[in-house]
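Here you go, one structure.
Chain naming follows the written order as A, B, C, D and E, and within any one chain the residues start at number 1.
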Amino acid sequence: QAIDVAVASNFMAAAKALQADFEQRGVHRINLVAGSTGKHYAQIINGAPFDIFLAADRRRPQLLEQQGRAVQGSRFSYAIGQLVLWSAAENSVDDKGRVLDVGEFKRLAIANPKLAPYGRAAQQVLENKAALQGEYSSRLLRGENINQAFQFVHSGNAELGFVALSQLKTLAKNANGEIPGSHWVVPNDLYDPIEQQAVQLSDDPAASAFLRYLKSPAGQSVIAKFGYLLPVAGDT
Amino acid sequence: MDWLTPADLAAIWLTLKLAAVTTVLLLVVGTPLAWWLARSRLRCKPLIEALLALPLVLPPTVLGFYLLLLLGANGPLVSLFGEGAQLAFSFPGLVIGSAIYSLPFVVQPLQNAFTAIGQRPLEVAATLRASPWDSFWSVVMPMARPGVIAAAVLGFAHTLGEFGVVLMIGGNIPGKTQVLSIAIYDRVEALEYAQAHWLAAGLLLFSLLVLTLVYAVNRRSPLSVGVVK
Amino acid sequence: MDWLTPADLAAIWLTLKLAAVTTVLLLVVGTPLAWWLARSRLRCKPLIEALLALPLVLPPTVLGFYLLLLLGANGPLVSLFGEGAQLAFSFPGLVIGSAIYSLPFVVQPLQNAFTAIGQRPLEVAATLRASPWDSFWSVVMPMARPGVIAAAVLGFAHTLGEFGVVLMIGGNIPGKTQVLSIAIYDRVEALEYAQAHWLAAGLLLFSLLVLTLVYAVNRRSPLSVGVVK
Amino acid sequence: MTLDIKLAVRKGQFALDAEFVAPSHGVSALFGPSGCGKTTLLRAVAGLEPQAEGHCQIAGSHWQKPGFCLHTHKRLLGYVFQEPSLLPHLTVQGNLEFGLRRTSVDKQRVRFDESVELLGVEPLLTRSVADLSGGERQRVAIARALLTSPQLLLMDEPLTALDGASKREILPYLERLPGELNIPILYVSHSTDEVARLADHLLLMDSGRIIASGATSELLARIDLPLARSADAEVVIDAHVESQDIEYQLSQLAFAGGQLNVAGLLGGRQRVRLRIQARDVSIALQTPQRTSVLNCLRAQVLALQPLGESQVVVKLAVGDTPLLSHITRKSADDLELKIGMEVYAQVKSVAVLNPICHPEATQWP
Amino acid sequence: MTLDIKLAVRKGQFALDAEFVAPSHGVSALFGPSGCGKTTLLRAVAGLEPQAEGHCQIAGSHWQKPGFCLHTHKRLLGYVFQEPSLLPHLTVQGNLEFGLRRTSVDKQRVRFDESVELLGVEPLLTRSVADLSGGERQRVAIARALLTSPQLLLMDEPLTALDGASKREILPYLERLPGELNIPILYVSHSTDEVARLADHLLLMDSGRIIASGATSELLARIDLPLARSADAEVVIDAHVESQDIEYQLSQLAFAGGQLNVAGLLGGRQRVRLRIQARDVSIALQTPQRTSVLNCLRAQVLALQPLGESQVVVKLAVGDTPLLSHITRKSADDLELKIGMEVYAQVKSVAVLNPICHPEATQWP
């Protein structure tokens, strides 16, 4: 019997790799349920039969823990997302992000700052470029989540966009074996860390096993491959 | 085709089942409702008609959210009838959600079709010994056929395509409550565009086939020599 | 009310404008289409009817995705007609997206209403010197009024509530393409439930009012002494 | 056993308030000007006017009384609507069978083949009702109502869209029906011809009320009623066949008060109904000689009444049988007609209304 | 200037193939059994049968010819459908004004008030058409068609649902119309009475074809056609008023061949149309004495033909005017009638069909 893992949409690609690796190692099977973290949270509160919740932030797992919906003490950070300013066009984004200061673009895609941690992070980056703040807001395309922000850029509808590094990793490499287009990995000090936390929801042994795997070096190396930073051990 | 995973197959099957069951349920519930609306002279009828259109006004996810509150673990149903009454994250829950969301699309065409029939054919049927129940099946429904078809098609197609409500109260659990529309959506979200294209194209083709068939059959001469009884 | 931010107000205004413009556009486009469908004897009619129902079958977000590809910066329209033809992220783009998604809900009731009128009233009008165009306005439309109302209500309500398509091709730009449904949805996602409740309740109440009014007016005696001309 | 009906219903400005008793067999004709409420009355009897109040008792069974109202589909009636209301989603055959199938086999007393043939709808059976001509529709509607083998037949101007020949085929069939099925028919008609031929009982309506009700022969001859004063004034006489003249194909008929010759051979001692129109009766003071007028009856002048400026209605009695004559005032003066005077009534034309022999009826139109 | 029409159209099994020329003024009656194609012909003339082929020329203007077909709304016609087809979303007044508003003021030749009053629809103006009685609907439909002041009026059994009195009010109005508007009317009717009264020209139809076409008086008297052999056989005679008898309120009328007395005072030298039914004509060999029969005409036997077993149709000539008589075979033998014989035609009843005076018409029914 497979356990159900609610996974934040932005982490799906990595989660699939983890699933494959995990299932190959042991007897347990898992089922990935993609969705936005807000939706998953509402569903868990209202009785969704999920065993594990891989959230996109730390707030929702925290809330669940406070409300007694999660196995106490099971919460931990499993990945830290990295924000990237990306353009599908070559030479559009410089490696200092000066393109933002110049402001020569029509549309900039971000995830919704209210909903998605990547969105909030992007917002913080932009706020640092305070000079352009007022002007930006009407040029911001806001995807419901980081995936939609990515789609806007990928389909060429936005010249630029703040996306997750993990997304760029899944893209087919260009001729040089590099990420297509041009990008700027935003320095970590420009935004609060995008800490993604997991929490266990049922006492199914398979759930414990998967979480153990997630913390294990094997699991962590898969996560790292997808462009996430790894949390400092013991940080909750 | 490596993209038609078992989960996809399960999603297709679930989708068809959901759309079919929902359509049948909607016709079963919508028909008497539409009939009542078509015939009633109550002063509050406009209010009821407006109420029926309301599910449309809320974004499906939001509607789904409220349904989740209603049907979920903390909802009034569970507090009244106990654990067993939790309909969220189960097939019946999906059906209820889809049905509520698509109800207006079924009731409206039916109601208009019923209204258009008028009083006379029923009077005629009554003078020919047909009880109201009998007339309903042997006169009203056959005469309202275009409306019934429209209702079924809109209800079915809308259930196939909509996922906001289903996503919310179903939980998108592959093999259990993940329907095809969500599967496609997930593919798009996961940047697996090729697979999304294939699934979407398949869905479109299948729907085109079914709908064309329905419309073509509907078009056949509406005459029947025999009479139901 | 601290939750009715200026952005919310802008969203409300935009939503109403979008719903109104879309409904009008749908009636303008849907009416001749429905009329043609009601009268045509073409053999391929079932296919066309099925095609028209197809937008329903795709999940709105997916449909929006494809529309984005079509109307976006790299879409065929832009390559054909240049930059100016990029409709995505503009109000016209929103209107087109909503209109495509709601088209079946408008065409179906209209088509059924037109079919139900039959040939005779048109023949009568022709013998009374009314040109086909004239008859259409002075006979067909008044007689099809319940269908027109149903079409407008379904189209309007559906545009109010649906946001998948709009989100995708609109980009949720506050004050420009953010509509109310997305605003409510965002509140739910952001766990700002109280504000979501208020907005949803407001939307529902407003819609209830408008719809009740529409239905109540529709119910008034359908008789008119004067005749349009 | 009678039809005992008292029904009141308001429709906008119009109020129906009809009360009458009619025999529970034979045809009762409902006669009155356009808009007087005939259709409304029929609908109320059928239970199609939910607001109707009063009682409605048909041959002993209560269809409606205060506090009780049988639903239409439980009233064993057949209704031919004024506008032939065929069910548009069924073929002609589907329409005919609709009622038939809902009539239990042991109660079916009208044969499908016979009525279909008589009404000439056989070639139409597979047709869509939308394609039918006006007359065809009306015939299908009549056949459909008959096939339910009703206990009461309500017919609202059922023959209006039919040509003379069709009428002359269908009328005798309708005439025989009440006898064969032993049911009453309430029959709305604007045609005095149909009324005289079919009706045993006459109900005159005006402004929602029954203004006179009685045997047809009686009401037709009452010169205080509008009927006798209309251009179509006539009397009907019940008679029986006394003898025959085979060479000339004539029959002598006897009635209360005298004898009449009519063309055609009628079966011996058969009962027949005759119609004599007022304009076909002339008055002479002595027996006329050498004329083609076959019938000349001794009569007494019962009443005289002016009709417009130049005409006079004369009510005559031939024995016990009343006769009407419309003559010019000049003739009346020339002949010095007075009440009680003995005269000769010359009858130019006698119509035999019975089904078996219709000397006047030729094939077409 | 004529109506020159040749139209063919197939509808399922039925094929219309009608060709005729009719005068472009006055009433042309279309007469034929149910299902013979009368309605289809009218529809084709109105341009409502898109499949119809042939030509249709109305008083000089082409409505249809090969390769050209005017749309119905451009044909200046008025159409009274067989089933009164009022527009259900309009009131009575809305229906009446629908066509009126679409007729330019300078072409309006029918006064709203007058036609509304004559057809008795004044009290109905604000009513919903769904509530009307059958006769009321028919009257509204007629008024509506008239109000478009058409160049050709097509009327499909317009008077069927009307009672005698309404008919007698409306008929004279219709009779006057073609003269006043100077337009032709194509009039479908099953009633010989209406035909005789209204029609100058008669078109006999059967199975989709026109089997005879000609002046009414001519066709009515042709004993090779079914009309003369029907129970309603009759002739119409055009006459003019010769003199009057004021005391007795009688008029003497002169026609080609003789004189007739009719009740009522008719205006001096006025042209009138008379109808004499075959059953109202009897034959005598000598002038009858002391009878109420006013009219006795010298006539010659033109033709004799058996009618069924016991009757004979006799065609007489009174001067140039033909007359029909249905008498029994016995009478014919008694009188030893032969072709060419001189006889007296006793005319019991003459109906004056003109609008101004209707001696037969009383108020009701």
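Assume a contact is a pair of C-beta atoms (placed from the backbone, for glycine too) under 8 Å apart; a residue touches a chain by one contact, two chains touch by 3 or more.
Note that this is a predicted model, so its numbers are computed, not measured.
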Handout entry: Chain labels contacting chain A and also chain D
Key = B
Completion exercise
In contact with chain D and chain E alike are the chains none
Handout entry: Most remote chain, CA-based centroid, reference being chain B
Key = E
Handout entry: Per Cα centroids, the chain farthest from chain D
Key = A
Exercise for the section: Return the distance between the CA-based centres of chain A and chain E, expressed in whole Å. Expected result: 91
Fill in the blank from the handout: Averaging C-alpha coordinates per chain, one finds the centres of chain C and chain E separated by a number of Å equal to 56
Handout entry: Chain centre separation (chain B, chain E; CA means) in Å
Key = 60
Practice task
Please work out the Cα centroid separation of chain B and chain C, and write it as a whole number of Å.
Solution key: 20
Exercise for the section: Could you tell me which residues belong to chain A and also touch two or more other chains? Expected result: 39, 42, 148, 151
Problem - Residues of chain D engaged with two or more neighbouring chains - result: none
Practice task
At least two other chains touched by the same residue of chain C: list those residues.
Solution key: 65, 182, 185, 188
Completion exercise
Pairwise, the chains that touch are A-B, A-C, B-C, B-D, C-E, D-E
Practice task
Sort out for me which residues of chain C touch chain B in the complex.
Solution key: 45-47, 49-51, 53-63, 65-66, 104-105, 108-109, 111-113, 115-116, 146-147, 150, 153-154, 157-158, 160-164, 181-182, 184-185, 188, 196, 200, 203-204, 207-208, 210-216, 218-219
Completion exercise
The residues of chain C that touch chain E in their complex are 120-121, 123-132, 134-135, 138-139, 142-143, 145, 221-227, 229
Problem - Complex contacts: residues of chain C adjacent to chain A - result: 65, 68-69, 72-74, 88-89, 167-168, 171-176, 178, 182, 185-186, 188-191
Completion exercise
chain B partner, complex, touching residues on chain A are 4, 9, 12-13, 31-35, 39, 42-43, 45-50, 145, 147-148, 150-151, 154, 167, 170-171
Completion exercise
Listed in rising order, chain A residues that touch chain C in their complex are 36, 38-39, 41-42, 60, 63, 107, 109, 112, 114-115, 137-144, 148, 151-152, 155-158
